[in-house]
Amino acid sequence: MDPLLLLEQAFNGLQFGVMLFLIAAGLTLVFGIMDLVNLAHGSLVMIGAYLATALVAWTDSFLLGMLLALPATFAVGVLVEVIALRTLYRRDHLDQVLATFGLILFFNEVVRIVWGPISLYSGLPSYLSGHVEIIPGVPYPVFRLVIIAVGLLVAGIIYGIVAHTRLGMLIRAGASNNEMVGALGVNIKSLFTLVFALGAVFAGLAGMMLGPLTSVEPGMGEPLLILAFVIIIIGGIGSIRGAFIAAIVVGMVDTVGRVFLPVLLRAFVSDAAADTAGPALASMLIYILMAAILVVRPRGLFPARTG
Amino acid sequence: MVEPVLRMEGLCKSFGSLIATDDLHLDIAQGEIHAIIGPNGAGKTTLVAQISGELRPDRGRISFAGREITRLSVAARSALGLARSFQITSIFPDFTALDNVALAVQAHAGHSFRFWRPAHGDAALRQPAGEVLERIGLGARANEPAANLSHGEQRQLEIAMALATEPSLLLLDEPMAGMGRDESARMVALLQSVKGRLTIVLIEHDMDAVFALADRITVLVYGRAIATGRPEEIRANAAVRAAYLGTENASLDSAADANA
Amino acid sequence: MNRRQIWLTLITLTLFALVPPLTSIFGQPFYVDLMARIMIFALAAISLDFILGHGGMVSFGHAAYMGIGAYTVGIFSYYGIDNGFIQFPLAIAAAALIGLIFGALSLRTSGVYFIMITLAFAQMLYFLAISLEEFGGDDGMAASRSKFAGLIDLNDSNQFYYLVLACLALMLFILHRLVQSRFGMVIRACRTNEKRMQALGFQTYRYKLTAFVIAASMCGLSGALFANLNEFVSPDAMHWTRSGEIMIMVIMGGIGTLIGPVLGATGFLLLEEYLPEWMEMFMTDAGEHWAIVMGPILIVIVLFGRGGIHALFARKWLARGNGHG
């Protein structure tokens, strides 16, 4: 096994992990505080990506476009919460699942109408499209390093907010005991809107950074949404720390597993069998991990809710 | 003394820094009504949860009918003959009163992996269920959906369900909760009618009911049993009087007067 | 289940039975396939309703079992075994086995966790199917229609149609009995208050798991039929949106009503079929964007349409006479 390849894949896994964390962070807070199952969270990833692509084209500046896309996604988050989701908090989970499923259909179609059904490819400016050698002999794309840096920075900011601010205190209180927040005399409505919109921004940010890596297309957030679910299950609902650790683990295991599992299997079975079973097993790896954790800790690694 | 039905030895349970049960030793004798009282936050609910099996104690052991049950599940304890009622009325509102009780009968009529015959026509369930309903005074309401029963009737139904499992020990978690005077009196009469046939552990705030029913009383304060004894002993106990301040004190006195 | 529901069920099944002769009179054979498709999804929907509506288990991965049923038929067909007497029982058994594994793990949790975990497991199978290059990977694989030697010929679309109808009717009858049995009482009561059931002495986990496996195996049957209908199997059959659609059919039709999900499947698939056409009437080329109408329709149904299509019928049509009989 090539240690340099392993290192490169570990970086890819880290990059994927922080990206997943951005998506899972908002989702786990919304679960934890509002007790809302929001399938449309993946749509926010997509909306962020489209808004960024459009704004980059409009401003003709990558950086400016990205920066403008953040408040734009925040605004979308506020709108979605106020118009659609607010009425769902008091409904049961089944209603929430279905209504937000309806939202997904709606958003995907809106995007299709506005931007067309074809994938968009947004390029990178020259200062981000190069490679640097992380260690001699291993060139690594600058943009992926930027993603890791931004992701870790935002993770730090989220942690700072949750651990050290009044908003964070309310969020933590809400995640462990819903009624307590109301008892503190806080305007719950605007707290919920704020938390949701912040979650939307994080998800949108993930989408923005994902755009140049893959392609921007309708429904692009949905596979990520399900991975975010896996992360929340592993990490424990409402726990930012759990989401972060689980996201990194899932990102690493998935990325590294896909590359090395077939290689690993060759040591035990025939090449042909390894080539068939390898990718199949690799695609199931994180779910098997989830199942294993579930057996030991049914409420995840760091359950925030006490009751 | 004969072997107690239910025995708690050195039971401890804490949540973080909050100690809910503190080295509790308690024996419940065969056939008695044993009331457990105490001010709010004394750890009554936690104790009920440990006896019924919802919570595992941190330390100590619980034995029931001579058998250790500390690690058994809720359902397994119920199968051994430990039935309970809930503080929050826990009936099945969509089902009729008879269905509710029949379900309780079904719980102890072997396994329920019976997929074909309609349970509604099953005399093996309906008949005993009907008898329990009659005994408890709800016979006329058997075919009424449980949701339509009055609060007091629902509380009665709750007890009926527990009785229908033919338990040897009944754990009653505030059976009088939310009841008016008349309803309480009817519940007291009901419990008196089953007295002696089975052992009852009664958690209750209504002191009139407690002093009317209990053979023995244990007073719980901050998770500790500060006193256990016959009602008149408890009434005279200085530590108990000190623990019950204000309104609770008044109710203790009035109950004493009522029984004097 | 009351008499009103039984009547509604019988009427619906009779109407389904009349479809092939009517379409041949009007020369519209296309409808036979559409209606067969509707009944296959109805089968999946009633199986989901058993655990969702009666058991309160919000399983968001039901398409997985349909996919397993379909892939079982497809894989046998790939290896040249097209005997339906082998394919169908094994499709059901495979779905039951996977249901047992997934159910055993998922039922350790409840609430939101349960929703997410069932979804995640289904998605795992979806990715597994994609990674199986041998069986067509992403593109899926062809599957010839099953042979039931001497009994029926599935290549005849009318015979196929009546097989599907028979399966649907049989499963409705089985579920009708199941819901009212001792087992059914336990499942229904678990939905209302599982804690109470445990205090009564029921080992609820075992009963819920059994119900989960029953639902999975019924859904496996619908998958086997689905593979036959399309003569094709692909990972799309297991995509999570498919699970969502089956769930929508249940809610649209009326949860916990037995016949409701059948009406819901009919309503949903007819909408999917005709909504684009209706939209074209208002605006050219609007049809391809039917989802922009479908999405809000769903939200409106969830927010305001308690009881679904079933309640509509129950109120408007058969309200006279026996209420809760």
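Per-chain residue numbering starts at 1, and chain names A, B and C are given in the order in which the chains are listed.
The criterion applied here is as follows: a residue touches a chain if its C-beta (ideal position, glycine included) is under 8 Å from a C-beta of that chain, and two chains touch if they have at least 3 such contacts.
From a predicted model like this one, the values you see are computed outputs, not experimental measurements.
Asks: With chains as vertices joined when they touch, what's the shape: line, ring, star, complete or other?
Replies: Per interface graph, the chains form a line.
Asks: State the pair with the higher C-beta contact count; candidates are A-C and B-C.
Replies: A-C
Asks: With chain centres taken as the means of their Cα atoms, state the distance from chain A to chain B in Å.
Replies: Chain centres of chain A and chain B, defined by C-alpha means, are spaced 48 Å apart.
Asks: If you average the CA atoms of chain A and of chain C, how far apart do the two points sit, in angstrom?
Replies: 31
Asks: Just give me the whole-number Å value for how far the CA centre of chain B lies from that of chain C.
Replies: Roughly 44 Å separates the two chain centres.
Asks: Which bits of chain C are touching chain A when the two form their complex?
Replies: Against chain A, the touching part of chain C is residues 52, 58, 60, 105, 108-109, 111-113, 115-117, 119-121, 123-124, 127-128, 130-134, 240-241, 244, 247-248, 251, 255, 289, 291-292, 294-299, 301-303.
Asks: Please output the residues of chain C touching chain B within their complex, sorted ascending.
Replies: Contacts found on chain C: 177-178, 180-186, 188-189, 192-193, 195-204, 207, 210.
Asks: Can you list the chain B residues touching chain C in their complex?
Replies: 52, 54, 73-75, 78-79, 83-84, 86, 90-95, 99, 102-104, 106-108, 112-120, 122, 125, 161, 165
Asks: Which residues of chain A touch chain C in their complex?
Replies: 31, 35, 37, 39, 84, 87, 91, 93-95, 97-99, 101-110, 112-113, 222-223, 226, 229-230, 232-233, 237, 276, 279-280, 282-284, 287, 290-291, 294-295, 298-300
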